[in-house]
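First, the structure itself, so that you have it in front of you.
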């Protein structure tokens, strides 16, 4: 329980809860940026030896997840001139409680999915927890931007899990993964911009014209 | 019921009024003022004890009994915590529930006394106080459960005493999380910022201060001392979690307790200076957050 | 080498088009599109005649399911390209070059998906198809298409993310086992040594993830909106090719799961999803008023049938792969025809369209024939494949599943017939313009219709051979 990667993973979970419990969008994005920072540090901490692959991965993650994406989201906030989140679909206190449930679920699922020896065991529960909490934020928040934050947390969780397989899945694909996230968010950001222009608000509860 | 345990209780009772003073002095220094003397509360208590109480005609014996009940409950609670780091004067299995119950009794007596005045300010304060308590109690029990899981003991002497020291190397992150949860609870239960502003003079914004608005003289002295003691008790909880003192000699343990309490008071002062007062609707969120910290610590222990 | 060419050629062509300033005007763009589609189909045909060696150290190979999906994609794309000649003459989608480049990018990405033997590369391909099509759905830049593309992006992205997690789970299952990580051949060869819990978890996440891209219930909610708002030719591509590519992802994980002995776990899950999709589709088809949304729900229904067949195993596997082809061709056919209807009247709602048989005779005939094809009537190909799946249900000891499927298919037939016949028959609106049907707008759908009819009457030997190989890979056999 004492190694540095485990401490970092603890802070990742805390940043998950920070996004879940805050009302301010800027705090959400800062928590996400902090999470990106932690995620960038992990490959370097977990690697048995410092290859160029590991260093480049850490650097790339740092640049994309801790700087570019948060900066882009902040730009989107400024463009849309939003500050706060309206009351989400299930309220903040229930969200926090569901977050704890997600934490329990993550640990329960990881107990049935044993990792082969030699890899950091805390990665699996923390990654599953982050995925579930990301999905929670994505589905229960109204502002389109917060949904994007939730999606990025989902991707962070998957990245965390991918770290258990850092040697198997080759370098090219990890870069492709990061790039894909980047492009997806970029496109989402543009769509968000249009949503704001078109609907004069980023409240996705207004997107109800199409239905059967 | 060892000598060191009793000595520790005596020290706690003596040092309690110092803590609000330290917090206020910290806040003042951080905001560029000089602030009141650190021993101000001692002077206030002395002054109040020599005054004559004034009772409103609408109050009954409940109003007079309230402060005494508060003090009695808190004094008894002080005997339950292992203040010298090893064992409390009074300990039995499940005394954590008794501890929470005594605190609840103190709060209940205070609230009843406030309601007894028939004033709407006190009533408003009373309802806010119990709302905060409704969220704080589960969080407190979650923190206690975390400690129970860590140490395997269901008595406060075991949870905060010797077994805790042994668990620290293995369960440091969980215990840190529980400690942070306890600190947030300290802020909530003692009506410090960001849940309540102890220095506000606007009754509509008060939670705790407004309940005791009608007390005067020795009653007020007892109430003020009780608040300080409660702050000291919670501070002792936090200090015990972060600094288990089982292996030290009794004087050293007590000295570290005193030092730790002052550090906690400074921390309270710092938190009050850097945070703005929370809207009342956000207070449950903060307390659930404290509970989440404790729950996270628990899950880590179970994993 | 040919395999790399099949994947890279459309991508390069798309990039070239977006870079060329001379590519102005719809005629140049649609000509480019048709040319690339034609060359692509030619390359794919050579793969049938002379099988190619695997490329990229075994990461690209044309195995049976992959070859089927690739051919389907290529044929559907060519039909769409021919259609686009007529379409781009009438409509001016915003960002003209982006439109065609996006289509070509889709073709390249879909080829990668079909040929990929490395599951992570397959995933990258599917994500690329999502991104390539997103701007095409949004081309009108109005409220409704904005809402559609938002829902599409959010749900697709979540699905893709979960599929990535599933891929990672599969890699974890392979930890410590011999063979290259995430390569199909090695996964299947050493399947017995894979860690079962991880394989099961991978199966669930990949099914949900790729199922979202397929439009399987309950992850289907983006489909009606997206298909309804996208231009018909894009919707046709999505319904025909994209769903098949996503289904290929499900097929791959099922292959691995079957080889790893997890069939008992996978079957109930697949059957559950299949029946749910059928039921949900039936519920929403009845009373539908918009033709494009109707076709979207029909797509959900057929995705349910595909997964059902996969879950039934045995002869059902053969029926599923055949159904994938038939459905892809038929859906694209129908969407292109509906596109003509929308071009004529400007709206896809039933109220605005009437008497199509008189207004647009060729399209009207194709529409009515398409109704019968898509609901599984003989002599069209879908009848054979659906019948085979039902046979598998009864033969495999699931008579209730067969009965439920038949009942739902009947309900769907009635629901679709009501709307489509309503649109096709009757007298046209008095003010409806008689739109000249250019050959371009009809050639594509007509060719697809002929193909579906052919497959219903006679399956050529090479195709039969590949179908059998695909079925065997899925743990089943040919009838």
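Here the chain labels run A, B and C in written order, and each chain numbers its own residues starting at 1.
As a working rule, a residue touches a chain if its C-beta (ideal position, glycine included) is under 8 Å from a C-beta of that chain, and two chains touch if they have at least 3 such contacts.
Note that this is a predicted model, so its numbers are computed, not measured.
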{"item": "Chain located farthest away, centre of chain B as origin (C-alpha)", "value": "C"}
{"item": "Interface with the most contact pairs, given as the two chains involved", "value": "A-C"}
{"item": "Most central chain, judged by mean C-alpha position against the global CA mean", "value": "A"}
{"item": "Between chain B and chain A, distance of the C-alpha-averaged centres to the nearest whole Å", "value": "37"}
{"item": "Separation of chain A from chain C, taking each centre as the mean of its C-alpha atoms, in whole Å", "value": "31"}
{"item": "Between chain C and chain B, distance of the C-alpha-averaged centres to the nearest whole Å", "value": "65"}
{"item": "Touching two or more other chains - residue numbers and ranges from chain A", "value": "none"}
{"item": "Footprint of chain B on chain A - complex, ascending", "value": "1-2, 6-7, 10, 13-14, 17, 21, 23, 92-93, 96-97, 99-100, 103-104, 107, 111, 125"}
{"item": "Of chain B, residues touching chain A in the complex", "value": "169-174, 177, 282, 284-285, 288-289, 291-292, 295-296, 299-300, 302-303"}
{"item": "Complex contact set, residues of chain C against chain A", "value": "120-121, 124, 127-128, 130-131, 134-135, 138, 141-144, 146-151, 153-154, 157-158, 161, 164-165, 168-169, 171-172, 174-176, 181-182, 195, 197-198, 201, 224-225, 228-229, 284, 288, 293"}
{"item": "Touch list for chain A against partner chain C, complex", "value": "112-116, 131, 135, 138, 144, 147, 151, 154-155, 157-158, 161-162, 164-165, 168-169, 173, 176-177, 180, 183-184, 187-188, 191, 194-195, 198-199, 204, 207, 209-210, 212"}
